[in-house]
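The same chain A turns up in both complexes below, where it pairs with chain B and then with chain C.
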Partner chain A sequence: MRNFTSLLFAGGLGFFLLVLAADLPLGAPPMLAGQGVLAEGAAATGAANLVTAVVLAYRGIDTLGELSILFAAAAGVGLVLGRARRRPDAEADPEGGFILLAAADLLFPLLVIVGLYIVLHGHLTPGGGFQGGVVLAAAFFLPLLGRPRNALDHAVIGWIEGLAGAVFVGIGLWALAARGEFLAPLLGKGTLGALFSAGTLPLLYIAVGLKVGAEIAGLMSTLQETEAAGS
Partner chain B sequence: MSLPPLEIVLYAGAVSLLIIGLAGLVMSEHLVRLVLALGVAEAGGNLLLVLTGFRQGAVAPILLGAAPSGPMVDPIPQALVLTAIVIGVGVQALALALVLRVRRAYGTVHMSALRARLVEDLDEAAGLPPEGSREAPGVERPV
Partner chain C sequence: MYWITVLVVAVMVLSALAVLLLPNLLAAVAASSVVSLALSVVFVIVRAPDVAMTEAAVGAGLSGVILVLALRRLGLWGLGDDNRPQPERFSGTGDDA
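Moving on, here comes the complex of A and B:
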């Protein structure tokens, strides 16, 4: 009976959403703000990837809020798991098999290179600090799956995270002092599409990438350590 | 038989993902499945948001070379979804941490067992006698 009502609720909600969606201008959005960004975003920020221009320049303060939410989530996980994390008598998980160990060794450098590439080219190609940061986190978490004993050093992770966050806020304050707007684009725009272009946007994305990477790696390793401590 | 237009398929897919996730949220009995259902619903919501910037025949909002090649999709929903995905990861990690704590505290992650344990704990804290069972009927309880 409960399942029936749940299905009825879900089906009804889906019906209403589809009815609403039918009234939307499918495939031809009005793009009231989007047109402006498309028209002058590249000239205003120097970034070839206009999504990056929106994320870091037009909505930079939003991104700072997002980083704070991610930080709050990571801090919350640490707080919730807190003392329960690892008991001294708990045995660590056994080492992974040959396939996992070999794959972790093989993939680690590749993942680091791909992650850095995605972070550094965030203003030119699809990608950026968030995507590259997750790839970096995966690179550092993968060896941990194979060798659970070599836990990540949470103090180092904390320092990377804190410094990256401070760099992001620092660049924002620098722009506030120089241009009178928080996170306003600074430095030369350079040639559109060159690696060294778009002023401070790549620097901001490097900070975002390090912060996201450190945070996600810390999150996953906290969860994994708790798992190792058993129930 | 002709295929329906692309937009309809995309919207129907996004809405169905959202609905599947919501149904899973309401119906799942296992707490980890609840978290996974949240992830599915989130994917549907993100797709819906990205679709609001979809333009027929447009390219990604990335300038290659000198002249822009034709119309581009709206970059703003894409930036918003980027934000939403990352926040979703944080929410799921926090939810999983809470599930771990629940498992540690109650020894189970099944909703019905948890609910029974919670009611027991609340009754005990409020000083109420146990509800009793068919074999051992409890005393009269205040409603």
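Moving on, here comes the complex of A and C:
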């Protein structure tokens, strides 16, 4: 009976989505805004990577929304799980083997460099704050896998996260005061393709990278610090 | 390029089936990461490197780690579990539970 109900529900949902999809005018009319961004984006923002121009200059407020979603997710995990909620008698996880420990030590500096590179070159090459931030978080989470007793300092993570978010909003408010638009690009555009170019976009992406990295590292280490069920 | 795409999509479909069919939950999580990794190759083929990087980092890496940590928290998998028999996988009917 329950299987039949599930089947009915799944079938009905599929039918509903198919009806919606049949009526959607996919591909028509062509997205004219995209053509405009492709034609003018690089000149208007100074960012060689047009995706960054869209993410931070044209749709900066959407990026702020994404950061808020990530913050809510990390805060929720921290509220429900974490070291503070750990049973005092729960066993700690054993240390990792030689391969995991050696690989974590070797990979840590490389991952930090790659993550920082991706964040700093977000306006020039594919990638940016979100991707680089996840790589940075992985760099700081990897040693925890090998040595579960060393925890990340959640107070430091909280400060990095809060300051980076404040810098992002602060640059947006600065633009609001200077140009009358929230998160409008400021400062000189520089030469297209140079590291110091595209005005405030690299600064915004550094803030995004630090915030995403701190949030995801905190989220993963919170999950890792909870006791395993049954131990 | 056409056949590479077909191959990658076939890998995606097969790993997605493996997620459903594998009895070992840890292996199922690994297979779901393979789906994301193959999807990121598809994004590279359609020339969207930014999306491909996000998919590889978040879809293949982060969500896999979070799923494994959730399995550990729920007691469905633990460190040093490799020699223990796996718990019975949820059968979906709910009648025998």
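What we mean here is this: the second predicted complex is superposed on the first by the 193 of 231 C-alpha atoms of A that agree within 3 Å, B and C clash if a C-alpha of one lies under 4 Å from a C-alpha of the other, contacts with A are read in each partner's own complex, and residues count from 1 in each chain.
To be clear about the criterion, contacts are C-beta pairs under 8 Å (C-beta built on N, C-alpha and C of every residue); 3 or more make two chains touch, one makes a residue touch a chain.
Keep in mind that what you see is a predicted model, and the values were worked out from it rather than measured.
Applying the stated contact rule after C-alpha superposition, one finds that A:171 touches neither chain B nor chain C. Touch criterion met: A:192 reaches chain B, while chain C stays clear of it.
In the superposition on chain A, A:51 contacts both chain B and chain C. Comparing chain B with chain C, the partner in contact with more residues of chain A is B. Contact with neither chain B nor chain C is seen for A:139 once the two complexes are overlaid on the shared chain.
Contacts of A:10 after superposition: chain B is touched, whereas chain C is not reached.
Shared-chain residue A:127: touches chain C; no touch with chain B.
After overlaying the two complexes on the shared chain, residue contacts for A:224 are found with chain C alone; chain B is out of touch. Once chain A of one complex is fitted onto chain A of the other, the partner contacts of A:42 are limited to chain B, with no touch recorded for chain C. Chain A residues in contact with chain B (one complex) as well as with chain C (other complex) are 2-3, 49, 51, 81, 126, 128, 130, 134, 216, 219-220, 223, 226, 231. Contact residues on chain A toward chain B in their complex (touch as defined above): 2-3, 6-7, 9-11, 13-14, 17-18, 21, 24, 26-29, 31, 33-34, 37-38, 41-42, 48-51, 53-55, 59, 62-63, 66, 69-70, 72-74, 76-77, 80-81, 84, 124-126, 128, 130, 134, 192-193, 212, 216, 219-220, 222-223, 226-227, 231.
Put simply, chain C touches chain A in their complex at residues 49-50, 52-54, 57-58, 61-62, 65-66, 69-70, 72-75, 78-80, 92-95.
Residues 2-3, 49, 51, 81, 93-94, 118, 126-128, 130-131, 134-135, 137-138, 141, 216, 219-220, 223-224, 226, 228-231 of chain A are the ones that touch chain C when the two sit in their complex. Every residue of chain B that touches chain A in the complex is listed here, in rising order: 5-8, 11-12, 15-16, 18-20, 22-23, 26-27, 48, 52-56, 60-65, 72, 74-76, 78-79, 82-83, 85-87, 89-91, 93-94, 96-98, 100-101, 103-104, 107.
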